[in-house]
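Presented below is the structure to which this report refers.
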Amino acid sequence: MNNWMLLPLLGTLFIAWLIFRVAKSVSKRINWNQRLNKWTISTYVGILLLAVIVYEFIPANGDEVIDKKEYQALSHENNLFEKAFGNNEESKFDSKFLVEEWMEELEGDTLEIISQGSTFPTAKLNIEWTDSKEQFVEVKMFQTNILMNGVNVTGKIPLSTIEWEKDQLVITAPKAGELRYYRFSNELFALSIGDDIIQNRGIFGDTYIYLKVPKHINVIDKNGLQFY
Amino acid sequence: MMFLSNSTLGEVVKSQVEFKLNTYMGAVASLILVQIIGLLFSMNGTGSSGTSINNISIHVSIVSLDIVYIFVALWAFVIGNMITIKTNWHSDFSFVGTRLSSSLANIIVLCMISVFAGVTTFLSNYVLRVILLLFGKVDYVKSSSIFDDPLNSILNIGVMIAFILMISAIGYFRGILVQNNKIFTFLLPVLLITILVTKSGQKLFQYVFIGNESILILIVKLVCISIVFFALSILCSNRLEVRS
Amino acid sequence: MVVIDCQNLQKKYKGMAALNGITFQLEDHKITGLIGRNGAGKTTLLKILAGFIRENSGEVRVFSNKPFNNLRVSANSILVDDQMSFPDSLTLADILEAAPSFYKRWDAGLAASLFDYFRLNPKQLHFKLSKGAKATFNMIFGLATRCELTMFDEPTNGMDEAVRSDFYRALLKEYIAYPRSILISSHHLAEMEHLLEDILLIHKGKVVLHQSLEEVKEYAVALQGQTDIVEKLTAEKDVLHIKQLDSHRKYAVIKKEDSLGVEGVTIQTVSATDVCMFMTSERKGGIDDVFK
């Protein structure tokens, strides 16, 4: 705890104190009677209870916040996948991450990989060289789990699109967009107990493109998508 | 022949509690105002974090109880303090009572008010949920409600009640000290800042509030601190002179 | 039965002695006037009896209990004064409604009819009352408690003339219907002389006189006549008050004794008010001494 951390706290306290002073002087002028007080309090309690019930019936359009075990499992899955992906162990890929797969026939002997639409690569790429003498390239696209503040947004994030143009693999990043979520907490931020704070949970998965390319094809990866 | 009525301590405390609940009804009603102000401030979310994945920025606003709670905690301090001001402390002596019975009644009333404040603060979050969801155009995540996780909810309510109780106990103690001697008005803030700035003071704070293994332990600690402050208040008020 | 028993009671405020060895006993079911000048210690004494403040030394017993922090004393006694306070949030009606749960002998009927009679507004807040209305309300509250020991400290302060006489009348009627021990302090003895049985006169924190009103009235006599004769008569006696009427006539007050009949001197009775005043004055000649 730094001593300087006290300053914003003291500032908040001061503002709140001011509000109290104003409220106090205002309340002295208003002549509330006891019956009005009782009525106010019971109405408020009624509204609170109503809100609890109404909340139950509002449909959610986001994925459930997951509990700790689920979170750890998802994180583990991502790690396993990333490892397998890097080691070219296709058999170990979790099939649930597979988004699409297809074959494409090349015309020439070069395959150019182009990434556009984003200054940063939006996908990770790995190539498995095959002994095939044919011109076919096999493409598999995966997306691993993405979690923000405990919100599972895996399916909500649009993926990069992949197009073939004359022996070019063009990976286009999705248009810039925004996802906004409200998450409500029953707990006090300030009193969050232990090291596992749900607000801090994040799993930042990725889009993976796995290519199976015959050995005689020359791959040009200008944007350096290929990490491995 | 004299006919003396005899009242037991229990009877008197009971009457005083009923009387005080009636008296402080307005103060309790002011809690609603405090909570509404807090709710207005928390509209934008207590914690908001964002990141960008695939050109998509994701913002998750977490609407928690913290801001409302800070306001309610301050309110609790003010209430604890208010109970000791002269008109309130002296009114007890227009009726039947001793310093002990008054103190006990004050403590019971503060406990009751704390429970009310804790529960309503917890529930006030749901008002915000409903308002934001019905009138806002934002996606939201079904967060655990009271019905999904009753045990945890109860523990959370418990810790909030205990914390409010502790703050009100401190406020009450401060008020009693000031009634004893006005010098404490200045002395106490100085003392508090000294404690916050020194190393050992910070260690004490960390021991109490940070690194608790479970919420239950924290609740027990908070209740114990409250009991200490209330006990000190009883001792300090037992010699307090009235209408002097 | 003794209601109040004080033995050598002392109380100091910031080094100044407010009570300086008060000793007296009060029997039950009497109306006693606590008389004294400003600063004599009346209020301090009443507050100690009510258990509001604590004595520095000496013994005080109310219903055989020490009043400070005693529930029995609190339940059976009440001190009505202008500092009596009630919560700011409660109306007068709320206060009267709350009282019966504290005072077991609370007379709601009496409170209600007095309340009506004095035209108080039940929706009014206590702290917003005018001085006179506050005094009236406090008096109603004090009477309705029917406490065995009911104490009034300058109860008529702020009341107008009509309310004063109503108050004394109400007090007397209540006392006759439901006898209790009433201690009523005032520096204005004359207006309440008609209802007092006993007088407790204190001065500079000490009891000067504690006797029945009849005895106080008989306590002293005034001699008026030629200066030399009056001086001769009072030479060896305790003179309470002396005044030069004109060049050759003098007026002197002395403690009453038998066989004072002397020619040239008229003997007059001295009212209780005057007795109290003379016994608590600093100088024998009163204010006249200043202008000599």
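First chain written, first letter: the chains are A, B and C, and each begins at residue 1.
Keep in mind that, in the parts below, a contact is a pair of C-beta atoms (placed from the backbone, for glycine too) under 8 Å apart; a residue touches a chain by one contact, two chains touch by 3 or more.
Protein names from UniProt, one per chain: C = ABC transporter ATP-binding protein.
Owing to the predicted nature of the structure, the values given are computational and were not obtained by experimental measurement.
Most remote chain with respect to subunit B, judged by CA-atom centres, is C. The chain pair A-C and the chain pair B-C differ in C-beta contact count, and the higher one is B-C. Centroids built from CA atoms put subunit B at 37 Å from subunit A. Separation between the centroids of subunit A and subunit C, computed from CA atoms only, is 83 Å. Separation between the centroids of subunit B and subunit C, computed from CA atoms only, is 47 Å.
Residues of subunit B found to touch two or more other chains are 22, 25-26.
For subunit C, residues that reach two or more other chains under the stated contact definition are 89-90, 94. In subunit A, the residues that touch at least two other chains are 32, 34. Within the complex formed with subunit A, the residues of subunit C that make contact are 89-91, 94, 123, 125. For subunit A in complex with subunit C, the residues that touch the partner chain are 31-34.
On the subunit B side of its complex with subunit A, the touching residues are 22, 25-26, 28-30, 32-34, 37, 45-47, 49, 51, 53-66, 69-71, 74-75, 78, 120, 122-130, 132-134, 136, 138-147, 149, 152-153, 156, 159-160, 163, 196-197, 202, 205-206, 209, 212-215, 218.
Those residues of subunit C lying in contact with subunit B across their complex are 1, 3, 28-29, 47, 50-54, 63, 69-72, 74-76, 81, 83-90, 94, 98-99, 101-105, 127, 141, 148, 181.
Per the touch definition, subunit B reaches subunit C in the complex via residues 1-9, 12, 15, 18-19, 22-27, 86-88, 90-91, 93-101, 238-239, 241-244.
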